[in-house]
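Dropping the structure in here first, questions after.
A, B and C label the chains in the order they appear, each numbered from 1.
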Amino acid sequence: MSTPAQNIQDLVRKGEYRAGFVTDVAADTVPPGLSEDTIRFISAKKNEPQWLLDWRLKAFARFQKMTEPVWAHLHYPPIDLQSISYYSQPKSMKDGPKSLDEVDPQLLETYKKLGIPLKEQEMLAGVAVDVVFDSVSVATTFKQKLKDAGVIFCPISEAVREYPELVQKYLGSVVPQGDNYYAALNSAVFTDGSFVYIPKGVRCPMELSTYFRINERNTGQFERTLIIADEGSHVSYLEGCTAPQRDENQLHAAVVELVALDDAQIKYSTVQNWYPGDENGKGGIYNFVTKRGDCRGKRSKISWTQVETGSAITWKYPSCILRGDDSVGEFYSVAVTHHRQQADTGTKMIHIGRNTRSTIVSKGISAGHGQQSYRGLVRVQQSAENARNHTQCDSLLIGDACGAHTFPYTEVRNPTAHLEHEATTSKIGEDQLFYCLSRGISAEDAVSMIVNGFCKQVFKELPMEFAVEAQKLLSVTLEGAVG
Amino acid sequence: MSLRHYTDAFQQLAVQLPSEERTAREASLQRFTQAGFPTRKLEDWRYTDLSALTDQSYALPSPATPDLSHLHLEAATAQIFVNGGDGAFTDTGREGGAVVALNAAFARNGLDLDIGPGQSLAQPLHVLTWTGHRTSAMTHLRHRIRLGANARATVIFHHAGEGAYLTTQVTDIDLGPGAQLTLYRVQDESAGSTHLAQSDVRLARDSVLDAISIDLGDGLARHDLNVHLDAPGAQAGLYGLYAPSGRAHVDNHTRIHHRAPHCGSREFFRGVVAGSARAVFNGKVVVHEQAVKTDSETRVANLLLSKTAEVYAKPELEIYNDDVKCAHGATFGQIDEDAVYYLRARGLEADVARALLTQAFAQQVIDRITHAPLRALVTRRFLERLPQGAMLETLL
Amino acid sequence: MNMLEIRNLHARVEGKDILKGIDLTIRAGEVHAIMGPNGSGKSTLSNVLAGREDYEITEGRVTFEGKDLLALPPETRACEGVFLSFQYPVEIPGVSNMVFLKAAINARRKHQGLPEIEAVDFLAWVKDRVKKMHMDIKVLQRGVNEGFSGGEKKRNEILQMLLLEPRLMILDETDSGLDIDALKIVAEGINTMRSPERATLLVTHYQRLLDYVKPDFVHVLAGGRIVKSGGPELAQELEARGYGWLDAA
């Protein structure tokens, strides 16, 4: 007879990654290597203005003086940045982004397989999608409808040409070029990503979403996303990510910058399902991402929600700079590490303005040989009268070979601050499991139920369609890791 | 970087040493000079910068006979080390960082306590270290405590001094099976002092450590307390109160390693931070693979009393097996204004009410001190440092 | 002489007007009950009289034995003899009841120009009152209200009242959360304090307490004003008919 614990172990071993296929499409891929020439090549390929090339080169100069960070609780061999190709685009995209009708059917098929129909009649109602394939944006849906509302939603390379003053004003204003090693690298070589501008007082009429796909071998994806919510505007933005199943590791080093002006609200949701590698830790994406939101305006609000099931290595800390008085920052996270996955993730809440509030809810699930760390910083600066923070940070362990770690930094320089941090770590409840089994529920379903219950607080922050998606994904990952 | 003053001081010391000890200590000194004083670039020293010590000049201490009657403790056996005392220089070599290496190069023997199996110490041992000198001097002490199986002891380390000085204290403690140690540490060093301490405690099966640490000093103080739960059933309780004011800087780093099944650890620290003081708390619990059925909880709460006070807290968990129950919590806040109002509605002046509530907050750690004269001493010293504390003294 | 005079009192909390013109006079020896539905401003009135700082007085005045009460900080009011029995007494871990009581009594004595109380006398006196309230003597070593049940907290409030011997006793919903035995003990405590020199203001939602502590006057507070005043029979009427009929009146 097998015990519940053994059942879980069996389940954990199965594992399946459903987005692991490769699209066989002819691509223009630059030879591997990183130098000023690479940057000039990318910039030329994108027809960029001189200021942006100069900006990239400046970032590269900074980058060359920096060293890879080693403080994270992660173990991986050194990454050879010279062996990566920094630009790849499907041959059919050679003449730049086209209208949806002209997009290569093979690409459309790829997204359909991933559950992202792009054809007009099949589009998800109420969700505008920008899809980025390796280094280029393939298509953006509902462009006209958004334009009518005054909302700009387009690939960032297009924004550079069409809205240079906005891009120039905000690019790098939240994550400076030299912010950290990977952000500097991204600033030098970023290829595509989404640009969003919501004008004053506009409530974006639909969810905006970007779907990132890495396809080509030996390439890295360096996307850059910039979202600006002008005074009194609201936007909800979602991103999804997948990549083929390969034995080599591929690098994904993105930068996301959010700016919320007075009374603006940005809700940013991520379902990250990059290829996690196999059960022996072979292959998978190295996900080194800098995401930061600047609550620049009074009463502004930025909310991060992330469901992280993929990647061999995750290094990411979506953060909020609470600069405006009465601004609010939120971070809701579910992260799963399974097989040999490693994640070092969390958030930073920097309280600068008066009466600023932040909430952190982090749910970590470790299975197999997964190693997961929550790393968070809550800083209350001297100027931040009456700052409030509540942090809840829970870890669930499934199987005796995994690890869960918690590194919360708190820095308080104002006596009116009120902060509470709570963290717990425990194994999945055998009592709960046994109770379910004794009522005839299968071990898989029971684990799935318990884990979904554990994550509920975060899932409820996701937009409806994504919440369902996320729950399914979690189940699949834990079928590969839970029920 | 210049550590010249330290190497010069060592040369003066070296001539007094037998050659083999000199060789061992030279190796320690070399380890120290190679590493240098830790800087904020090191994660473990992120909030405490010792680089200013690099160019400081501290002389070797000379004997003194200060009046220490105000530090006398009833119902305890005193062992006093003035300016490093006159212990031998026989203890050499030890793994560790720069501070331990510095200590190993210079340290005299301090407390050397060995309690045989089943024996108990008749009354608590009051180990008083006092440093004071006309010029800046440095003292380095090396302490050892060994408790045999089922032995019991209470040891009170009490650190005080006058003027500007550097002192390092390195303590090694071994608890045999079933042994029980109550370890108090009262750090009450002077405003010009730098106090660097490291204590390592190894616990055998079913042994129990209760460590209560009180930081009242006005200088820069750092204590690294490493607890190794090496055998099943070992239990450690770490309690602490830090109450820096003025320009004091106090840094408590605790590491609890769970290396065996069925061990428990509790950690309960409170901070009352006033003036332009800084407090750092880093409490790490590491649960190693084999340490199943671990039960661990860490709580740290902080009260900031002024606009220029700073607190940096980081309770950490590192867990490498799934059969555990671990939790930690950290809070930062002010005095509960509802409670202030309640006290005022019963006739207490506002600032007395605040002082009383501050004292009550600290009391929850002070009450852990079961040695009554020590508890009284700590309470008195805490109140002396509290605005309006004098008014409370008559109350309590 | 009038002990307490409230004239046209207006108060607001967090920008919301709660009291909108209260007039009330209480003489020594009298027991007044203020009744009213939830949200009528009963607790606000109690707290304004005790001196809670979250409340902003926008109009009106209050004199206590000829002094401008509103100009005094809460602790001076307490020392002058105003006592509020809290609806929700706070828990203060780490401050023992004993320390707390001694602090409160000595603060009052100091205000009166008296020396601090002798420890031995104090202990005997406190023990006697603790017994009167049917409380366990061990309670004195525990933190103020720490881990007390709702009923224990209320009894502790009355114990403090017995020890502090105030001139004006304001009892804010003291009967809520009490079972019948506890209610009787609390009522007895209040009754022992009744005297020609003292006055009592009972603030309550229910008539229940008034069965045990007979009021001389009953006032109905609604919408931040006293809408009706009368004798003890008014309380009976409220019990029988509820507060609804007052809106119609």
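In the analysis below, a contact is a pair of C-beta atoms (placed from the backbone, for glycine too) under 8 Å apart; a residue touches a chain by one contact, two chains touch by 3 or more.
Computed from a predicted model, the values in this text were never measured in an experiment.
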Busiest interface, judged by C-beta pairs in contact, is A-B
Of the other chains, whose C-alpha centre is the longest way from the centre of chain B?
-> C
How many angstrom lie between the CA centroids of chain A and chain B, rounded to a whole number?
-> 43
Where the centres are mean C-alpha positions, what is the separation of chain A from chain C, in Å?
-> 57
Would you mind pulling out the distance in Å between where the CA atoms of chain B average out and where those of chain C do?
-> 48
Chain B residues within the chain A interface of the complex | 43, 289, 292, 302, 304-334
Chain B residues touching chain C - in the complex, by the definition given at the top | 336, 338-339, 341-350, 352-353, 356-357, 359-364, 367, 394-396
Parts of chain C lying in touch with chain B, wherever the complex brings them together | 50-53, 73-75, 77-79, 83-84, 86, 89-90, 92-95, 99-100, 102-104, 106-108, 111, 116, 143, 160, 164
Okay, in this complex, where on chain A does chain B touch?
-> 71, 73, 380, 382, 395, 397-400, 402-428
